[in-house]
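So that you can tell them apart, the chains are marked A, B, C and D in the order they are listed, and the count of residues begins at 1 in each.
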Amino acid sequence: MQVRGLPFRGFSVSSLFLQYLLIRALHETSRLPIQQEFAQTLQSGLKLGHSQAICVGMGKILVLYHSKDGATAQMAELVAEGARSIDGMEVSCKSIAEATRLDVVACDGLALGSPTHMGGIAWEMKKFWDVEMANDWGHIDGKIGCAFSSQGGWGGGAELTCQALLNMMMNYGMLTFGVTDYVAHQFTLHYGATVAGQPRTEREQDAPRRLGQRLAEWVAVYVDGRRAEHPLTSGRKRFPWSD
Amino acid sequence: MQVRGLPFRGFSVSSLFLQYLLIRALHETSRLPIQQEFAQTLQSGLKLGHSQAICVGMGKILVLYHSKDGATAQMAELVAEGARSIDGMEVSCKSIAEATRLDVVACDGLALGSPTHMGGIAWEMKKFWDVEMANDWGHIDGKIGCAFSSQGGWGGGAELTCQALLNMMMNYGMLTFGVTDYVAHQFTLHYGATVAGQPRTEREQDAPRRLGQRLAEWVAVYVDGRRAEHPLTSGRKRFPWSD
Amino acid sequence: MQVRGLPFRGFSVSSLFLQYLLIRALHETSRLPIQQEFAQTLQSGLKLGHSQAICVGMGKILVLYHSKDGATAQMAELVAEGARSIDGMEVSCKSIAEATRLDVVACDGLALGSPTHMGGIAWEMKKFWDVEMANDWGHIDGKIGCAFSSQGGWGGGAELTCQALLNMMMNYGMLTFGVTDYVAHQFTLHYGATVAGQPRTEREQDAPRRLGQRLAEWVAVYVDGRRAEHPLTSGRKRFPWSD
Amino acid sequence: MQVRGLPFRGFSVSSLFLQYLLIRALHETSRLPIQQEFAQTLQSGLKLGHSQAICVGMGKILVLYHSKDGATAQMAELVAEGARSIDGMEVSCKSIAEATRLDVVACDGLALGSPTHMGGIAWEMKKFWDVEMANDWGHIDGKIGCAFSSQGGWGGGAELTCQALLNMMMNYGMLTFGVTDYVAHQFTLHYGATVAGQPRTEREQDAPRRLGQRLAEWVAVYVDGRRAEHPLTSGRKRFPWSD
């Protein structure tokens, strides 16, 4: 549930009657334009809750990318796959040609991917944030963000592109992260997932998957209040050399 | 509860009566402009809770710095002052000479400050993270972090030093952020608070204050589950040109 | 002679008599404080040469910029003014709307300016290098490059934008630099010239001027072989606190 | 030949008699302390010249590194090997434990290597520049610099460490560069040479070699005036797919 960037989740409602009252209150709310989505989302959350006794909102993950020759698009699908591996996430994966500002405004967590072009973000992706998102600047603070990029070759700037994407998300007030985990011997994603060309090998596919998983974990923990998903205690494997 | 750096909190609502009050409050909200009033009402709900039955954890903020000639130390005090402006935060401010790894392990939010020396982090601060913290790497993921730096002159690299500090915190698995707010005309802290020399002018003092405030807000919202502290809806002033 | 961006110049000394004069000049030098006098004497030797038999090439400087509201355009003019302060430079100043790839291919030294938009290079400038220049990638290595940017406010990302511009120029094989000089108390341009808004104050105007001057000096020294223009020995003022 | 950072080379002396006069002039010079090295270097250059008719100075390359487990030390040797592949270079390779500030002051070109520790420069290397070199700041501008780093795994921050090293060199007024060349399919060094762990594979060894070669080429072209060494026209292989 998100009202212009305000995350509000994680309180347990232990009584069906109280849930009913809450839904009634929100039903009133739904007559006002700006509160409509708010009400609908919460209501759907509460409906889930009806059969589960505890109502937890569903974190929204957006994987947003631009791709020139398909490599970054492939990474995006893997990021989305990783995000879906965490229960209770609503994950969508869109190119900047498909997405609008509303997709970004609505999400809780954002994985942003661009090919590394000439040492940085592809101009098409930069234009999306310079133009399409411009009026939302200052109104969408607090989302959780991460980055991924495909480069022409190792040492070709994908880390710098991830850094530039993270800087841009920080500019929009987001909380950005990398991943400490290693997905294989000598293969990690400390500042975002990077590959050379297309993600063909297992480790090149696991890196974007892990990025999406971690994004979903942080959204689960911090936005949805599902502390059990914290990567330090979830029990999910983080390093190839650990048991 | 804290398990090797794992923030684990949340507020339980143990009384049906309080839930009823909360729902009533939300009902009222629905007739008012959503952003401000929603937050204020919910906040008052939480305040009610404080004295009755709602348990809210206390976020721990650490301001950790190195200073050579005192400028970064002054910034650190201002960051701590800003963090204390948010209720319910436990704030400590220590130099790397005073702090140990346990201070870092224990905190939920970290503001890290170094003078800009030769275009980057002072070696003393880097040593703290290369040596003192090394064994904690991989075990303290998920803290919320931000940066500040004093440089010799504008254009002297403080943004790059903040970026290097943020990279280092990301390496440790933290979620890092900057601040969209402007504290004065043509003065902001998008990637951390930066000053030239000592923070003497009002705007140079407000920037580190705002950084600390924002850090406390994110810890309140995401670690302590106090959604009313979200900067988009708290009603606290963010831009000099807003009402 | 210029072969697809290859600077190839040097001065030939065709007369034994001139060599003799040069050696005499150096002999004189040996009795004087080495740095300043050496440079001055050699410079006078070259001036002699100009009217007689020594051929010195003319370095080509391009100031290339994009500007949205005019601030970066004003900086560009100041950079060009600074470059023209060094004798024997051919300086042009063009927006990306006016310039073509041929302007870049032809230059020896490039000052590249973009407003700081959302924490990085404006998409229009990035597009110029992603599209217009793409076929020249790998064929224009070795140019000397520097950066400048206008940001919305101090702490707003202009250093990061300069860094991104420098990264992009490095991607194209250029040698990039910043300036150690301070143009005023607490005002420098270590990674390129940065201002907040328009360059109104003297120090905000001197920073881009100094950038252009330094670019012209490096082109003079390294491309044209005019060693007397080296900033360490030219005798030109570098710091406000020096005599 | 270098007099406190002033490069002075590249003029041809076509007469043995004039060389003699020049050496006599410099012999006088050699009685003054600061000019001693200057004279010696030029004299040795001239002696070479005696048998070659044209006197060209010898560019000095310093490969300076810190290594923890030996990987960066191995890279350093490969960088030095690459630099020696260009004729007429005086190449030395030293760890920061062996080098002093004088080694840096004396060099024309610098390749700087550090392991990637916690997302950035190892504190030991940073200390060298914060402390050992501090008094030389502002007096050694104009050297040509590049970077290399070994990281724990791909995606582990070596590009960011190279960037931080380049920023630090720019802070000291150097002209910094990366390499456009690919040493193998999907393997390049656009912002410096990077490897994961030790450089074991051929491409991981060729990247630091190419870095050293390019450094020597730029020093040859720009400091020594040997335009024939320009990588765009030297005829040396730059891409695996070119003839």
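The rule is short, and it goes like this: a residue touches a chain if its C-beta (ideal position, glycine included) is under 8 Å from a C-beta of that chain, and two chains touch if they have at least 3 such contacts.
Here the structure is a predicted model, which is why all the values come from computation and not from measurement.
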| item | value |
| --- | --- |
| Copy-to-copy rotation for chain A and chain D - C-alpha atoms, rounded to a multiple of 5° | 180 |
| C-D against B-C, pair bridged by the larger set of C-beta contacts | C-D |
| For chain A paired with chain C, centre-to-centre distance based on mean C-alpha positions, whole Å | 43 |
| Rounded Å distance, chain C centre to chain D centre (Cα mean) | 22 |
| Chain centre separation in whole Å, for chain C relative to chain B (CA means) | 41 |
| For chain D, residues that touch 2 or more chains besides their own | 119, 137, 157, 160, 163, 167, 170-172, 190-191 |
| In the complex with chain A, residue positions of chain D that touch it | 119, 152-160, 163, 182, 184-194, 196-197, 207 |
| Touch list for chain B against partner chain D, complex | 117-124, 126-127, 129-131, 133-134, 137, 157, 160, 164, 167-168, 170-172 |
| Residues of chain A touching chain B in the complex | 3-8, 10-15, 18, 21-22, 24-26, 28-29, 32, 34-35, 38, 137-139, 141-142, 144, 163, 166-167, 170-180, 190-191, 218, 221-223, 225, 227, 230-233, 238-239 |
